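In the two complexes that follow, chain A is the common piece, with chain B as its partner first and chain C second.
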Partner chain A sequence: MRYKTEKVDTLIKGRSLWADGWRRLRKRKFAMLCFVIVLAYFALAAAVYLDEFLKSRFAAQGYTGLRMFNWSQTVGPSYQPPMEKYAWTPDNAQAPQAGWALLGTDFLGQSTWRKMVYGAKTSMTVAICASIISLMIGVPLGALAGYFRGKVDDLVVWLYTTLDTIPYILLVMAFAVVLRNKTIFGWEIRGITAVYLAIGLTSWVSICRLIRGEVLKRKESEYVLAARAIGCSNSRIIFRHLLPNMFHIVIINLSLQFMAFIHAEVILSFLGLGESDRPSWGSMIDAARTELARNVWWEMAAATAAIFIISLALNIFGDALRDCLDPKLRTD
Partner chain B sequence: MTAYLIRRLLYMVPIVIGVLLATFVLFKVVGGDISQQIAGKNADLETIAEVRHEYGFDKPLFAGLTPLAGDDWQAARQDYTAAIKNERQVRAESENRSVLPISAFDLDLKAQRKWLGDLFRQRLNAHQFGGALEMITLDSQFSDHFKHALTFNFGRALDREKISDKILLGVGPSLSLTIPMFIGTLVVSISMALLVAFLRGTVWDYTIVILCIIGLSIPYLSFIIFGQYFFAYKMDWFPIFYSPDKPMIHSIILPALIGIAAGLGGSLRFYRTVMLDEIRSDYVRTAFAKGLTTRKVLFKHVLKNAMIPIVTNVVLSIPFLVLGSLLLERFFGIPGIGYLMIEAINARDFFVLNALTFMMALLIAVFTLLTDICYAWVDPRVTFD
Partner chain C sequence: MYSTTLLRPKRLWCWSWVLFFVAGALLSGCGKDSPSGSEAVVLNQRLRAKIQTLDPADVGDTNTDGVCKEFFDTLYQYHYLKRPYEIIPLAAAQMPEISADGLTWRIAVRKDVYFHDDPCFAGGKGRNLKAADFLYAWKRVADIRTRSKNWYIFDGKIVGLDDFRQYTKSCPPEQVDYARRVDGLTAPDDHTIEIKLVRPWPQLIFWLAHVPTAPIAHEAVERYGPDIIKHPVGTGAFMLKQWHRGVYVEAVRNPNYYPAFYPTDGMPEDADAGLLADAGKRLPLIDRIIWRIMEEDQPRWLLLMKGDIDLNSIPKDNFAQAVGFGKELTPQMKRLGMRLTTVDEPCTFWVEMNMQDPLICSNKPLRYAIAHAIDRMRFIDLLWNGRGYPAYGFIPPAMKEYDESVKDGSHCVYDVNMACQYLKEAETLYGGKLPRFRLAMGGTDFIYKQMGQFLQRNLRDIGLDVQLEMFDWPTFLEKMTTGDLQLFFNGWMADYPDVESFLQIFYSKNAPWPNHGYYNNPQFDAIYEEVSIMPDCPERVDLYRQAEKIVIEDMPCAFTYHRIGYIIYHDWLNNLKPDGYKSDTIGYGYSKYYRIDSQKRDAYRKQLKHQDE
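And then the complex of A and B:
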């Protein structure tokens, strides 16, 4: 008898959407590998931040940071630093070799590998901050527009149609070039801050449109009616009932947007609108224009590989995530 | 139909206004007065004043005050400049810091603003409301921004050339690069998508999907740099740079091929989804059941039904052809719109960026309208409600 009730209990207890999705995702070994790769990039970026923090905190105790993160140091056995700061000779670039420079060095004698690692921090920072900004704008606006309709809806739709009418690349560049080195309300915008502000402030349109459409669809569903019947306030319905049920859409959209953000950062850095005095993948690729003519190919190869691997991982993981969390969206 | 057209045209009005507001906030409010940058570091007061006047920075942002005919600024200048200096001195002392440096020009400007404010207040206090009202002007940067954009009079760029000429000159080279690129990508990706849709579930399908994802993941820049280095520099099959003496086609082939290769991943993926959606539908099964050949089903049935997303995509892409390819034009030195954009960014030329943004947005708004009309043309199910 006791056995029977236990069985009934386990049968009744359902799995949540997330547990269900995770169970399905775990079965896909390749997607999980991609997930681990993405996490590794995040961890690397976090480690660089931690190292910088420790360096500033424990400088007095003689902590100079991990060697791997010290990109500005020149490496090489017979390397002589140039007399002037910016004088470089092509001979300083070392080809990849076993031992001290697995990925070679650039003209200044700085290790390509260390620059690549530091570039992960730049790119991840930009992508994460841009994601946060675009979510903070897009999700509430979309939810409010879809839920209240009327004037609010008109305003939000007008806002995103306007932004959508301007070509994305032109808009991002305009934001980046205008915000660069500007002081707004006493806050000085420098380096990558302008980049992620530009990307974030222009990329909320797609998520906003998605959320608005989804809220419109679900506004009349049973669980919202039930919530309204027991007297939930509008804000409670939106933020405790509707949005949590649409969170997977946000996550799926974000995993694909994230890649676009990384690529946008690369292009902006390349155009000279990004980080100017610290390495980023975009500036590494930019350097290739002068380097390739002297057969220095490894810096570009390293930066391309770094971008390629995270993009591929995000792409495959994003697709798998979509299939697992929302089988209805499956395309094939 | 006419009513629908008119309604759609009217719908463009708020969007154009929105774009103008957005560019105003970006370039005029946030971007600010860049006359000092234009005139150069060592420019004297008169040059800066000239520049400010030419680019309209001497006008207020939204609305402001102007002196009337009888008001003499030169007479009041000495007193007001001294007053401003004194004010700054007093404030610095109360905050216990030294006086911040200010250029003579800014000082003059502040003094003049104070003088105008005082005049306005005097007139109000003396109940000369007519005179006070007459001082208020709406001739501002805001009104200029709208006026210039709507009359397509964008003035001159920082290098003294007319912006409209620059844009018109750039359209040709941009189009001669992007049109072959666009048609190439379209033809290759649609035919491959049909093929893949037919071969769905086989090894070929998976291979192409994986290749698409790989193509999508490689940064655009790497495609260009590698292509230019390998095919033009190393193998010497194509010219590295655009040269105006040779025929256009000469310097277009390589960038167009690179553009096709780089864009194929995304576009093939899109069209594959479109085709798969169609090939799963019932009418395809019926067609096969009737005993039609594969070719007939694919070209007569599937392709025709897939026309709606394809046409939408094609029409919506046309304005972007005018925009050119920023990176390709930069690398191959093609003097198109993309090149103009890069030049404007390097020179921080907000005027060119502003004009480009507005013109492109207008073009896109028009083509969005055309798409809706095309919808009705291709799909008889669409009605004009």
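And then the complex of A and C:
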């Protein structure tokens, strides 16, 4: 009797898509490891923000910030020009050594390790802000186009098809060039802001297309028809019934796009269109490019490794997330 | 039978693919997109920035100047070998006849000079150069619609030219009458120019050796209109063949170049250096020049090593590879047959402050703080491998007017304590913490980023919040001219061997070009106006130093360093003698003196190829 009751309870309660997805995800050890890595990058970025906030708030009390995030401090030997007045120092004077110069130093004697850590903040900020912008544009536009069809759909499809015909990185570069150092409604767009705006404003197409397709598919499903039958408004159907049921698709798409945003930020910084006065992985690679002539490889290696690890982690985690959340791909 | 088999439809299809690939492989070597090689003697040059224009009226930066001078001969030039620099005739037949009061200049123009062959002339054949062509060129500079940045050269100096400028302001576009009389600019005959000056102008002789005063054919301007920037129809030793914007510029020998000869006299050391080996030979000694535009240091350096460019400056990161102790070439470079030459350049670089910015203009302690914050010695060592001198004022050590004692009264001395002290004063004056400043750099190459980072760090060390802005060179020039920059790294290379060239960049009436910082001090202006009409004399030197002290006191610029030019070149390039006034040895009308040993170059390339295999 007791057994039967428990079974009935379980059947009634069921498991939500998210709980089920999480259960499946936990079984994948490597995906979980990647998830932890991604979280570590986020935590690092958050810690840099917190440190900067504390520094500005408690500067008067003598708080100068954590040394780990003080990238502009000299921690080791800088470049020594080969002139008569200097004792001869080999080219690898800046090479990795113990302490904060664990990953070597740059031409000013700044720690490559600290710059790499700070670069996580730059990349994560850009990726998060660009994701928010692309979601804010792509999701409503896709939902409206799919739900209302007709001229709204034509307009949205025309807009994203036009944007999609322009090669992505060229489009991002063009937006970055146009936006940087501009003042719009009294808001000065500088450095990192121009980067995430450029990426966000150009990256909503895929999510928009995906949402449009899903809405088209689901707008005739029973739960939508039921909502319509009880007199729900269009906006209520879209935002309370349709979108929450498609959120897992957004999450999956975002986890994969996140990596593309990081790459775009690196490319823009490398080309001199990104963050110019604070470290980013792209500007580290740009700096290291000329220094390779002196066999100074560590800055390039550090930035590349940081990008490689987050890209790999995001890729594997994103794939696993898709496998776990998408009912069609479930194998267990 | 055999041929029939070959021509079966299926096989025919296969053969057509084979032919397609073979033809593709053969044709791939014949691309017209890059300058192709030939039997002609070629000088392979390089440029570190895009050039903006080939219109002499609008030349305003060293890169454009260096290229343009190869197409446009001026009335005078500097003797190629003699030092100190000596002015000699070029398109002029002789040195000018100057009246006793210094107000009237009479210049005879050579009668055997012809413009480049160009479709703008009847029959495409370049016509004879006349005095009127000079007058036309100078009136073009004065024409407000030409938007020449070089008007400051003539401003208020030639009788009636200012009135002509006023006339062009009211004249409908494209209807300026260049035949309109200007009393100070006349041509008594086809080959004589007469210039009447408002006041004596001793520096005019130097300006007559400068590209903006070069003659241009009115036929070309009329035919090409705004496209004249792509059609440099001058009288120089070389003619433009093609200009692939942002990629390369190619020039070929002017077959109609008048009989000009390599100098037969020079400095005593020139004979030993082999610089007189070609004495008396007809110029030019080469057939073509190709300037490859490469903004990045490393590609330029690698092409030099490959033998694809003949000369280059030495990038910071390759300095150890090229130059060893004693500032001599390393054994490796000597083995490659490289040669090195250095020259103290009459240039000064600084962090300029826009005096139109209310915060900067009204806050002298802030300007002092910035000047004290820059660690000049470290800047020179770190970024230029010690190739420079710290700057305390604007007069460079390469000029005879340089005064070593300028350091004593200058704020351009690295002193963090003083900088912090001045910053406190600046904050008190401002009434709180100073806002974030913008520091602009005129280049996107990493050396500019590194310089920017260094300066930013120096300023942050004293508590100034500074944000870096990187612009490419043309954008930087435009923003500088429109006054959009706040703090910016800038510099000036003297146009001629007279400190007056530096004074003009602080003269208030020369804003925004070349007075980019909009500096304005009536006391300085008065000295400039007085000194600009004085001949070379000890009193003039005193006035120059006095003017420099006024600028140092006002500190519109944090003077940073004076550069020493290092040019490394292959041993097949002969007759190279750098001119300090012509930065980076990129041309400036001197290419006609260079001789190239093509066989040596070919042997070098073959050897490299052999090593690669």
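In this text, the second predicted complex is superposed on the first by the 302 of 332 C-alpha atoms of A that agree within 3 Å, B and C clash if a C-alpha of one lies under 4 Å from a C-alpha of the other, contacts with A are read in each partner's own complex, and residues count from 1 in each chain.
Just so we're on the same page, contacts are C-beta pairs under 8 Å (C-beta built on N, C-alpha and C of every residue); 3 or more make two chains touch, one makes a residue touch a chain.
Worth saying up front: this structure is predicted, and the values here are computed from it rather than measured.
Applying the stated contact rule after C-alpha superposition, one finds that A:K27 touches neither chain B nor chain C. Touch counts on chain A: comparing chain C and chain B, the chain ahead is B. After overlaying the two complexes on the shared chain, residue contacts for A:R190 are found with chain C alone; chain B is out of touch.
In the superposed model, A:R294 lies in contact with chain C only, and not with chain B.
In the superposition on chain A, A:G272 makes contact with both chain B and chain C. When both complexes are overlaid on chain A, the residue A:R67 reaches neither chain B nor chain C. Shared-chain residue A:R57: touches no atom of chain B or chain C. Touched by chain B in one complex and by chain C in the other are residues 272, 289, 293 of chain A.
Within the complex formed with chain C, the residues of chain A that make contact are 72, 78-79, 81-86, 91, 107-108, 181, 190-191, 272, 276-277, 283, 286-287, 289-291, 293-294. Here chain B touches chain A in the complex through residues 14-15, 18-19, 21-23, 26-27, 30-32, 200, 209, 213-214, 216-222, 225-226, 229, 233, 273, 276-277, 319-320, 323, 326-327, 341-342, 345-346, 348, 350, 353, 356-357, 360-361, 364-365, 368, going by the rule given at the top.
Chain C makes touch with chain A in their complex at residues 296-298, 301, 315-321, 323-327, 381-382, 384-386, 444, 446-447, 449-450, 452-454, 456-457, 460, 466-470. By the touch rule above, chain A contacts chain B in their complex via residues 158-159, 161-163, 165-167, 169-171, 173-175, 177-179, 182, 184, 259, 263, 266-267, 270-273, 281-282, 285, 288-289, 292-293, 300, 303-304, 307-308, 311-312, 315-316, 331-332.
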